[in-house]
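Here it is: the structure, laid out below.
Each chain gets a letter, A, B, C and D, in the order it is written, and its residues are counted from 1.
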Amino acid sequence: MKLLGLFNYWVFAVLLMIGLAALISRQNLVKKIMALAIFQSAVFLFFITMSKIENGTAPIIQAGVDNQVFSNPLPQVLILTAIVVGISTTALGLAIAVRLYEEYGTIEDNEILAMDRKP
Amino acid sequence: MGAQTLPVILLLPLLGAVAIALSGRWPNVREAISLLTAVTLAVLVFSWFPDVSAGARPAVTLSEPLPGLSLALSLEPLGMMFACIASFLWIINTIYSIGYMRGNREKHQTRFYVCFALAIAAAMGIALADNLFTLFLFYEILTLSTYPLVAHKGDAKTIASARVYLGILIGTSIGLLLPAIIWTYVATGTTTFTLGGIIQGNVPGPAVGLLLGLFVFGIGKAALMPVHRWLPAAMVAPTPVSALLHAVAVVKAGVFCVTKVIIYIFGVDFLFSQPSAQWLQYVAAFTIISASVVALYQTNLKRMLAYSTIAQLSYVIMATIILKPLAEIGAAVHIAAHAFGKITLFFAAGAIYTAAHKTELWQLAGIGRRMPITMGAFTIGALSMIGVPPTGGFVSKWFILAGAFQAENYLAIFTIIASTALNAMYFLPIIYFAWLAPDAPDVDMAHGEAPPAILLALGVTAALTIGFFFFNQPLLDLESQLVQSLPL
Amino acid sequence: MNLADHLPALQVALPLLTAPLVILLRTGFLAWLAALLASLVSLGLALLLTAAVLETGTQHYAVGGWAPPFGIALTVDGLSALVLLLITGASSLALAGGRQSLRLDIDNRRAPMFYGAWLIAMAGLCGIAVAGDAFNVFVFMEISSLATYILIAAGRDRRALSAVFKYLIIGTIGATFYLIGVGFIYMMTGTLNFADMALRLNDVIETRPIIIAAGFITIGLALKAAIFPLHIWLPRAYTYAPNAVTVFIAACSTKVSIYILLRFNYAVFHGNLLGHSDLFAVFIIPLALSGILLASAIAIYQVNLKKMLAFSSVAQIGYIALAAGLASQAGLVAALLHMFNHALAKGTLFLCVVAFVLTSRSATIANLHGIGRRMPWTMAAFVLAALSLVGVPGTAGFISKWYLVTAVMEVPGWGVPLVVAIIASSLMAVVYVWKFVEVAYYGKAPGDDTAAMEVALPLRALIWVAALSNVYFGLFPQLPLALAQSGTSTLLGGLN
Amino acid sequence: MTTLLIGIFLLSLLVITAIAIVRATDLFSAVMLSGIFSLLMALNFFLLDAADVALTEAAVGAGVATVLLLAGLRLTPSTEAKGRSLRALSIGIIAAVALLMIYASFGQPSLGDPLAPAQQHVAPWYIEKTPELVDIPNIVTAVLASFRGYDTLGEVFVVLTAGIGVMFLLGGGRGKPFSRLDSKVEEGLSRHLIPKVMARLLVPFILLFALFVQFHGEYSPGGGFQAGAIFVAGIILFSLVRGERLTLAVIPPRVLLWMSAGGALLYGSVGLAGIAMGGNFLEYSVLADDPVLGQHIGIIVIELGVGLTVTGVLLSIFHAFAARD
């Protein structure tokens, strides 16, 4: 039971590393942006996991029901913000990728680098 | 005159530099300002002489960036003398420069005069420094402000030499002198020059030798071997630069700093008792002898003079490290005596270049017959280098030898005698050659004396070289204050 | 209503709320003017805050009226004030001096967006500096990062885009690492407030999540602070950004990351994790040293002036990291002072680059030969700032280097090798600086053109103000010193 | 227990999807997989009692991000060149960090532990005090909009910054006119009957739902951000069917710019109003005589600001991508 209770954290670690590995190994800029999204999603999972309380419910007070156990609202708030930050980064990254394609004619990182090296 | 006016000594040449920069379009105005600044500065500096000679020690603190580390000025005998020499010779050198720069139609003359004024301001700062921090500050300014002077010509060879000049001076100062200063500060909590020294009891015995090493090699301007290479490299500069800066202001700043560090940071008595500091006299002796030998083999007049300077600088260090009262006075006097002699020699070299465009020794055969005034002055300067009476060089050598006998330091005695012989060996042939040898073949002999401005300067310094033999009492009085507290 | 009580909030809110107004403006000039005014007012606020900190100590502010740790707290101590001065000062300097240069780089239509992003970047950095809450730092870090990406992407060279993409990826990884670390700490302490965190960590010291948290936060912030060898994004980003942007970000953006790094490692972990300062030192000092030496060496071989200065920045960040890693009073003072002094020097140098590029259209050293004779005023200011970079006495750089060396000498056993490394790197700084100065004064100008081509008087005057401030703070360093000392004592408060 | 098992199943699917995204060389399928990834993630969040986050992740991850990526892919090649394989060193480092994190997890409180420190200190205070101080049922909204309203202000500015960035890089706002749109002849999918009818039916409801989410955020999951995202989804659907020209005629770029900036300003001015009325920055209690009423007013206004900015920025971004050739 204890081990199963840690499963979420392991998935967090694995997702984080999948994202990181893809960031390093993939050359395609759009793919990099997707990898970045996976990388950030892993963190969302991490925070939301720690907000859960056994037998709890979503932290919304219902009139007339007493003695409810609420899951922790704070990490949820933080992640709401973090999701927004994530999508903003994605949007900006994509815009830069589009501009890169217009300038270089490719969105493969290694090809761009090769063109940069040429004077 | 209050101590608050001390900074004026620094500000005056700085203002002069600004005025020179602004008047660059009108050469006559520019040079008049140069001369005026020089004269005013000298008057100002000399006006302090009686007070300091009477025992006053004016001091003023300008700012204190860090606790125990302040920008402070003070006047003491050694600095007084250095300031007097540098400011006085600046007047003469300005006259000479006007003749030389116009005679040779040099470019960028405004930059030349501006940098010169800045260099003098820096030299004044070194003379007046009250602590190691201030000293270091002006030391670096001096290096930087003389770089454009050394690189004046601006061709590839000159730039390369200037790079050597800057590289060695900045490198040693940051790499060795700065750590030495920080070490001193960390060990003692202060960097203020104090008669009797501040090191005693704060740095363990063997480390004293190391600290001394950091100081004397860190002060690359003292040209102790093996950090002497910058001085021959600096000879690519126009001759007035070599004359005032690389015979007087810069190199004397170097030995002045060494002397000051030994007297005011280490303390003469303390250092005398430290066996770990004895190595310095061997290095000085080695520098004196080997630089003299190298000078013997030079074929270029200015380079020969440069090596002669290296040897003469180590005289001062040698005298200081004898650590006896008479020798300390000798060290101080030698700074002055050598200044007069060497500037005369450089002036003469410059005069020869201006009038006849000759730089090599073999070209000088018979030149005395065409340029009698120049070569006469040259002869006086050379005699002073050897130490023949009645020249200034004799006075200082006398004191140094007396100190060496006092300390029974036979290494010093031997070195001085040997180097005197070597000096004679490379100067006397030139004198003979110039006056008595037949004209060299294939050399254009159709020239006369140098321009009058140059001759005037030359004559004055030659006269001073002789005059110093007879009238040296005020200086001796001043410097004897340094050693009053010391047992004889 | 006493506005003075609201200074910490206004410091952030003012530039932040000006930004949406700026993007609504119609012309580049108006946008620039608005941004400059907002920036100057922010500088004024920062000065007021500094005065308040020096008078009455650390300033606390509860946003929304909710007391910490439930609401978000803003705290401004000496260190924050120092960083605020850097941010607002650099921004004002860059905006004031960069008008002409930016007008060439950014067309009039897009300019309002650009200046809006500029203000947001500045506000974001200020937000980090005043934040007293770990998650709030993350939010403002992202605000400033996104805005900074925009500023850099505005560079005219297409390489600006590839550089900024790399910066975006690495910056996001760094910020996410930081967030993970904060998550671990929240998991074990239940709080996000710095002060509260430091207290509550006592109960859970030496648990695995906290150690991992320290690792994630340190590495994440080291990425953003460009501590060697995590600096790979920096040189290209600095080089291809618009010149005026480089003035701004080179002076303050990495410093702000270092600021948070110090906050966390000293104010939060230091007192709580056993041997943390040793671990931190073991991690950071070797990296700092290799940065100091290698980045200086690389700088010598650069052919582009901006890139050379960028590598020099990596080395200088190494100095700051080294001093901070010593975990001593003197070391921290040195680190904080060097943050300030290096910003002064680099800001001036890059401002000179703005002027050079304005007249000669290139930052390649080969194209700048003889520039010293053609632009004597600018070049003289460059030399002055370069001396400060090297650490020549009488300049600000000397003061921090002095502190650094005295701090390093206190390290038992390692003092001398560290001093040697610092001196070696200073000498390398002389070499790379002089390499440029020499050709600037004595090199043959391209096409042998020797006509004078100084920039307009206002920019020249500004450059000289910046250059002289290097000298002023070299002779009268009382202000940064007081802030650094007060910052150090709050940072080390965890120790005692 | 069942929840836990479902969770484990979903998480395993999540990992598989993530690997599939990374390995897919056709970027369109990768985008689709990303959408699925986000939906799975949202489901997980829902299981973990995070209804607000689940709604947001679904709207943002599966909705907005997918649309953005597709818009991006329209302008760039859609297949990926062969990536280089990971070097042994990188694999080693990554695996080591993963193992280290799993190792660290054994020091962590396990899922749902009510005694974990995270559940102790600040969180119970929010749950306990919200009814008294803010008096709205959705505690997440209370924390988001009031207790940590400053973070949310930051969040709005992150969105605005992204908008500024995209408009700066790709044109939009007051900048470049949407030249391509003027020359465009075809008008979306309007000639296809089924999408047209479906859209006509759906769009009003989507927009209505967005308004509900906007103004009901205090009582149920939702709020300005989610509402904005949903509203934008509706508009984008509209523009797919009726063409962008008509969409832009309904909401011109200038209006979008004003919305983006205005929303952020609205939020900020609530903060400044707090100062003006004698409180701290973003202190809503002083906005009315009754502190709780003040909180209500504050929250409604700032949520409106969030909604405006998010709608304005996301639509601007969408148009910016769409207008690019």
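Please note the rule applied: a residue touches a chain if its C-beta (ideal position, glycine included) is under 8 Å from a C-beta of that chain, and two chains touch if they have at least 3 such contacts.
None of these values were measured; they are calculated from a predicted model.
Separation of chain B from chain D in touch steps, taking the shortest path, is 2. Of all chain pairs, the one linked by the most C-beta contacts is A-D.
Chain centres here are Cα averages; for chain A and chain B they lie 70 Å apart. With each centre defined as the average position of its C-alpha atoms, the distance from chain A to chain C rounds to 28 Å. Chain B and chain C have centres, each the mean of its CA atoms, that are 44 Å apart. Centroids of chain A and chain D (each the mean of its C-alpha atoms) stand 12 Å apart. In chain A, the residues touching two or more other chains are 16, 20, 29, 50, 74-75, 78, 81, 85, 88-89, 92, 96-97, 99. Shared contact sites, meaning residues of chain D that touch two or more other chains, fall at 101, 106, 108-109, 116, 118-119, 122-123, 126, 148, 151, 154-155, 158, 161-162, 165, 169. Annotation for chain C: residues 135, 139, 142, 146, 149-150, 153, 186-187, 192 touch two or more other chains.
Every pair of chains meeting the contact definition is listed here: A-C, A-D, B-C, C-D.
Within the complex, the chain A residues that touch chain D are 1-2, 4-22, 24-31, 33-35, 37-38, 41, 44-45, 48-63, 69-81, 83-92, 94-99, 101-102, 106-108, 110-111. Residues 1, 3, 6, 9-10, 13, 16-17, 19-21, 23-24, 26, 61-66, 69-72, 109-110, 112-114, 116-117, 120, 123-124, 127, 135-136, 139-140, 142-143, 146-147, 149-150, 153-154, 184, 186-192, 196, 200, 203-204, 207-209, 211-212 of chain C touch chain D in their complex. Taken together, the chain B residues at the contact with chain C in this complex read 62-63, 65-66, 69, 71, 133, 136-137, 140-141, 144, 148, 151, 154, 159, 163, 166, 170-171, 174-175, 178-179, 182-183, 185-186. Residues of chain D that touch chain A in their complex: 4, 7-8, 11-12, 14-15, 18-19, 21-22, 27, 30-31, 34, 37-38, 41, 44-45, 48-53, 56-57, 60-61, 64-65, 68-69, 71-73, 75-77, 80-81, 83-86, 90-91, 94-95, 97-98, 101-102, 105-106, 108-114, 116, 118-119, 122-123, 126-127, 130-131, 137-140, 142-144, 148, 151-152, 154-155, 158-159, 161-163, 165-166, 169-170, 219-221, 225, 317, 320-321, 324.
Within the complex, the chain D residues that touch chain C are 100-101, 103-104, 106-109, 116-123, 125-126, 129, 146-151, 153-155, 157-158, 160-162, 164-165, 167-169, 173-176, 257-258, 260-262, 264-265, 268-269, 271-272, 274-276, 278-286.
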